[in-house]
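Below, subunit A partners subunit B and then partners subunit C, in two separate complexes.
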Partner chain A sequence: MSIVKLDQPGKSVLMMGNEAIARGAIEAGVDFCAAYPGTPSSEVPESLASVAEHFGLYVEWSTNEMVAAEAAAAASLSGLRAIVAMKQNGVNVCSDFLMTVNLSGTKGGLVFVAADDPSAISSSNEQDSRNFARFADLPLLEPATFQEAKDMTKWAFELSESVGLPCILRSVTRLSHSRGNVKLGEIAERGRSARFEGVYIAGAFVSAQHSALHQKLEKAREEFEGSEFNWYVGPEEAAFVIVTSGSGWFYSREAVAALGLDGQVGILKLGTTWPLPERFIIDHLKQATEILVVEEVDPFLEQNIKVLLAEQTKTLGPIEVYGARTGHLPGFGEINQDRVAKALASIRGLEYRTRDEAYAKKANELALPSLPPRMPTFCAGCPHRASMWAIKAALKLDGRNGFATGDIGCYALGAGPAGFFQLKTIHCMGAGTGLASGFGKLGQFGFDQPVIAVCGDSTFFHAAIPGLINARFNSSNMLMVVLDNGGTAMTGFQPHPSSGCDALGRPAPVVEIEEVCKAIGVEVRVRDPFEVDQAIEDLYDMLQNDGAKVMVFRRRCYLVESKEKGKKRVFVDSEKCIGDDCGCARFCSRVFNCPGIIWDAEAGKAMIDEVVCTGCGVCATLCPSGAIIVEGG
Partner chain B sequence: MEVGKGSLDLEKEVLNEGLCTSCGACVDICPYIKVVKDRVAVIEPCGIAEGKCYDFCPRTPTDIAALDRRIFGKEHSDSALGSYISIEMAQARDSEVRRRAQYGGVVSALLKYTMDLGEIGAAMLTRPFDGGLMPASMLAEESSQVLECAGSNYIASATLSGLNKVMKQPRDAVGVVGLPCQILALRKMQASKHETGAKGVKLVIGLFCTWALSYKGFYEFLRGKLDPSLIKRLDIPPPPANILVVDTEAGTIEFPLDEIRGFVKPTCGICFDMTSEFADISVGMVEGVEDWNTVVVRTAEAERLFEKAKADGIIETRPLEEARLGHLREASLLKKKRAISEIVKRTGDERALLYLRLSDAERSKFL
Partner chain C sequence: MALEKDPLNLIIAGVGGQGNVLASQIVASAGIKEGLYVTVGETYGASQRGGPVMSHVRFSAQAQCSPLIPEGQADIVVGMEPVEALRIVAEFGNPKTRVIVNPRPIYPIWVLAGQAKYPPVEEVLGKLEELVDRVEVVRVSEDGETPLPANVLMMGALAASGMVPMAIASFEEAMKEILAPKDVELNLHAFRKGVEAMTRG
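Now for the complex of A and B:
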């Protein structure tokens, strides 16, 4: 049974941060959820989808974050409560809507969950989405604990309704993806019905709307002044105060304890960080002469606090502010207890060592040589490996120094050894297609290299279609390769418009990628990348033709395929394997390099690692000696 | 024995220099070298220092005299036409064969006959138009399939890659029909210390060739003027016509040869062999005689088969007139001289003749 729907108020349960957010929405009686998958946000909609039928919610995977935000806003404008979840890059995608829905305002509670990924553990950047709250004049909440993740989400709906604006709830990877105790609350009675009335037009009397927006924000500030999510711990009249939010709370508390500073350093923990609860902050900094601001990633809080202190110089007197601007904290990457403790120790002139240096040295000496270097790679059986090989071969055969542009998905690994270093650009969703459209128009400047835009199936629907239409419209010479593995694989194989099922796993209409391409008017071919030679030949052929073209490499993610259909046993006939000899030179384990294939150096033969192998069998088609056998063919 | 080289050397010395003949000898022996249309590329270095690919290539150094000794038991005495036993005019008696063939139908008739006799079990051939302009290799396992491959296509095809693929299941008594560069590669394969399926090839029929066209340029040229998928036959009639005739389902179009020459593969300019000098038997056109072939019988085995085919009424022959033989010799010598001069132009050194390892005496004849 899903923990999210557990109807036992007061019970303490272990919850992932994203589950706690989903539970908070359930306790608030959320009706509608729309999202595009993105690490570390995806478990919010997934948790809601798992209880959607139980509670009568509507949950959808949308084609992108902008559409998700708009769809959820429709529910809000009709009086329902709605939630949208996205990773930090998704906030950019929906920012155009954010910057206008703030002016039109909303009706039913509308919460945008922005899950940031400091240190970009699964992202192409580590942007700090909190800046969007200030940019769009929207209320911002930052949960610091798992309990807050739930409670703040619930409150965010109420706040949204009381000020008539969407609220941004900002999480980070360490909160979204780790687990902690959460005391459950009551599940709200439900039964709203949707009805649209009124007018929500941004752009009519914009300055007046903007002014009204500032007033709404002021109202949010008033609510924040008394919020239970802001608190102070430490000595009554501490001269040194850590001001922190979000993940910084735990790190700060641990750092203070580690340095034995409990009696000297206060911690002002803020949960409502835009607009700042100014009076609350001023009250708690009256005795302070020094503050350290602890936050991830940008010095967002730090700068806003500095503005406040500058305004309050007469009341508060001079206060020294430490943080990213003074170099005590990085202003990039994840922080942790150690970084905060080092900052504190350096400011306070204390000795701080995480561990004995001699011990650290010895540990490194022992550990490092025994850890084999491991490059990130495609999973065993991943069709992208064969696709990237086909791209490499076709470009090499073409011989005009062609290259490939990429974007966001599992296939971004194509920039590294897993994809034979084929992708030469990676930016945001759909960027490879737009770039290719541009490269393909440089002929008049002497550009003669063919260009391949590599994009995933989900990315195709998310952001690549306008780039393709642009290429078609402007007669750009580019070849788009859609790696169609049947789902949004990198985030957990969520369905997309051509997957044939919806967020609840029910059958859904299929939007065929090739039909979209045909309608755009480009040449389109669909091939199986596991038929490698055919794939190479077709790619080569298409590279010779002018204009925009699309190759769809269709082969289901083999992790999913083998789980659903069982895996075939694959093994090496060591009699036939020619190993290091001319004619092979360990192609399967050295070059194609599927993790399911091992080189038995002693025997001089390849071996299949039956635990890792998914049974896809593509290696059998590539083996020059027919030495790899797939049981049952 | 000289130390061999590997795929990186092949790439550097042959592919990057535009000297690849697209014969296919280096393809389908490993996963690293691929061919699409007539483009061959080393996709990834294999790291092997001494490889089959370099060893088999008709444009890597070749000891001509050693090949001669291996095939013919002695070095050739004729500088223009290589080793041979006899040269005659010939044609297939079967008019259906002649109708489908480019000229006299000798290649098709001889192959069909040899297969029917059971002397060879299969033949690696080239289908001139494989659903488009590009020819493709085809293994004929029944004599009835031979005619599907009758006729010329002036684009080089990687026929030997087809042989490599088929020979992964070793078989013997296979016949091969090829262009001079393909025949040279095939002979290098047979002479190689490496394991190769070419050792099961029993009958080698070579075609005369002056040059071949690059697919891409020629295709793009034709595409602007006709639908290449409708092509039925290409022909370059003997001089002084100086035209390429393209028969399509939608009619016949002639192009001046000068418009086509730009698409000739650069490697043809350094080719030393017009008459497939290393074949068992070589077959080409007879200038000015439409449905006859010139046949150069080179090995005893080929002589035995050819004589038997004559005796069984499969092939009819006539003596080749002295004047015609003279023209043939002249044309072949001209190709050799041009090749040597082109090579010297490339290397800037009269002793460094790229792939040709000729004796000093031999070399001096052409300089």
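Now for the complex of A and C:
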């Protein structure tokens, strides 16, 4: 049973940060959720989808974050409570809408969850989405604990309604994807009905709207002054105060304890960080002469606090501010207890050590020679490995020094050894197609390399269609390869417009990728990448033609396929595998590099690791000796 | 419940696809059932695709901890793969650390490609012995055609090891709550195999 719907107020349960956010929305009586999947945000809509029928919610996977934000805003403008969740890059995608819906204002509580990914654990960049709150003049909340993730989300709906603006709730990977104790609250009675009235037009008397927006933000500031999410712990009159928000709270508290500074250093923890609760901060910094600002990623709080301190010099006197600007904290990457403690120790002239130095040296010296690097790779059975092989082979056959532009998804691993280093560019959703469209127009400047844009099926709908239309419209010479594995695989196989089901798993109309391409007017072929020779031949053939073309490589993600259909046993016929005498240079294990195929050094032959193998059988079609056998064909 | 060491820091290390997340969820839920604060920090995303993964699980009777264990502060390491256990001990281990390890290797892509060497497993286990207080090697036996879920089996071994303060029954209750009903039987079977393996020594 989904923990998100557990109706036992007061019970303490283990919840992932994203589940806690979803639970907070349920406790607030949320009606509508729209989102595009993106790590680390996807479990917010997934948790809501898992209880949608139970509570009568509407949950959808939208084609991209901007559409999700607009769809959710429609619910808000009709008086419902709505939530949108997105990863950091999604905030960029929906920023155009953010910069206008702030002016029109909203009605029912509307919460945008922006899940940042410090250290880019699952992202192509690192960014601090809090800047969008200041940019768009929207109230910003930063939960620090799992409990706050729930409680703050609930409150965000009330705040949104009271000021008539969307609220941004900023999470980070270590909150969204960590788990901790959450005490459940009451589940709200629901029963709102939707009705649209009034006018919400950004652009009518913009300056007046902008001024009104500032007044709304001022109202939010007043609410923030007394917020239970801002607190101070430590000695009454601490001269040294850590000012922190979000993930920085745990690390700051633990760093202070590790250094034994509980009696000397105060911690001012802020949950409402734009606009700043100015009076609350001033009150708690009256005795301070030094502060250290602890936050992830940009010095956002640091800069805003500095502005406040500059304005308050007469009241507060000079205060030394340490943080990213002074180099005590990095201003990039994740922070942790060690990083905060080292900053604190260096400012206070203390030593910070978590283990004996001699032991650390010994451990590293002993271990390092025995630690082969472990790069992420395509799963055993992944169709992308075969697709990347086909691209590599076709470009080699073509011989004009062609290359592939990449995009966002599992197949981004194609830039590394998993995909034979085939992808030469990776940026944001859809960028591969836009870039290819540009490369394909460089012929008049002497450019003669063929260009392949690789793009996932979900990415195709999200952001690549305009690039393809551009290529068609401007007669660009490019070949788009859509890697259609049936879902949004990287983030957990959420459905998209050609998956045939919706966010709740119910049947949905199918938007066929090849039909979209045909309507655009480009040549389109659909092939199975596991029929490798045919795939190579077709790719080569298409590369010889001018104009924009699309190849759809269609084969379901094998993780999903093998779960549904059970896996076939694949094995090496040790009579037929002649090992290094073959001349294939251990093609299956060393070159094709599927983790399900290993080399039996003793026997000098290939063998299948049955724990890892998913039974896809593509290796059987590639083995030059026909030594790999798929049981039952 | 007061803990002998507070917070008690556990790292579960493995390779993407081995089921770290479920393992950490089981042990953490068992902790919550016994009234502890538990925090689990996970590595997700690209690491799901065969990269190294680790879960930091922290138990405290006093307060909610941060999701990241500081360098050198792992009290217990459960390694679902030998090299990954050693990788974790190098960064998070100390002379008092205790290790439970599944000795079955999963070969990294660069080893398969012939560009890196996988060390002999006995060598890895020897280095673990040299660095930490206690090493328990749990061999994950395979029941005929269907290999048992190693993640859950290792949790059985952990539960029976006496390294964590929770009762075996709390683990089993947690599993019944977390798992889909159809998966409960197989996983309880694997869990009990792990308990047996540890009890047998």
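One rule holds for everything that comes next: the second predicted complex is superposed on the first by the 631 of 633 C-alpha atoms of A that agree within 3 Å, B and C clash if a C-alpha of one lies under 4 Å from a C-alpha of the other, contacts with A are read in each partner's own complex, and residues count from 1 in each chain.
Here, a contact is a pair of C-beta atoms (placed from the backbone, for glycine too) under 8 Å apart; a residue touches a chain by one contact, two chains touch by 3 or more.
Here the structure is a predicted model, which is why all the values come from computation and not from measurement.
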item	value
Subunit C versus subunit B on the shared subunit A, clash or fit after superposition	fit
Subunit B versus subunit C as contact partner of A:Y540, first or second or both or neither	first
Partner chain(s) touched by A:G626 [first = subunit B, second = subunit C, both, neither]	first
Apex subunit A: angle to the C-alpha centres of subunit B and subunit C, given in degrees as a multiple of 10	90
Touching partner for A:I201 - first (subunit B), second (subunit C), both, neither	neither
First, second, both or neither for A:A310, with subunit B first and subunit C second	neither
Partner chain(s) touched by A:A601 [first = subunit B, second = subunit C, both, neither]	neither
Broader residue contact with subunit A after superposition on the shared chain, subunit B or subunit C	C
Touched partner set for A:V510, first subunit B, second subunit C, both or neither	neither
Contacts of A:I121 with subunit B and subunit C, given as first, second, both or neither	second
First (subunit B), second (subunit C), both or neither touched by A:L350	neither
Lowest C-alpha to C-alpha distance for subunit C against subunit B (Å)	12
Set intersection of subunit A contacts, subunit C complex versus subunit B complex	591
List of subunit C residues in touch with subunit A within their complex	15-17, 24-25, 28-29, 32, 37-52, 63-68, 70-73, 83-84, 86-87, 89-91, 93-95, 104, 106-114, 116-119, 123-124, 127, 130-131, 147, 177
Subunit C-touching residues of subunit A, taken from the complex the two chains share	1, 12-14, 39-40, 121-123, 145-147, 173-175, 177-181, 247, 250-251, 253-254, 258, 334, 336-338, 341, 354-356, 359-360, 362-364, 366-379, 410, 413, 417-418, 490, 586, 589-591, 593, 595, 597-599, 609-612
Complex contact set, residues of subunit B against subunit A	29-32, 34-37, 39-44, 46-48, 50-52, 168, 194, 216
Touch list for subunit A against partner subunit B, complex	389, 392-394, 396-399, 420, 533, 536-537, 540-541, 544, 582-585, 587, 591-592, 622-626
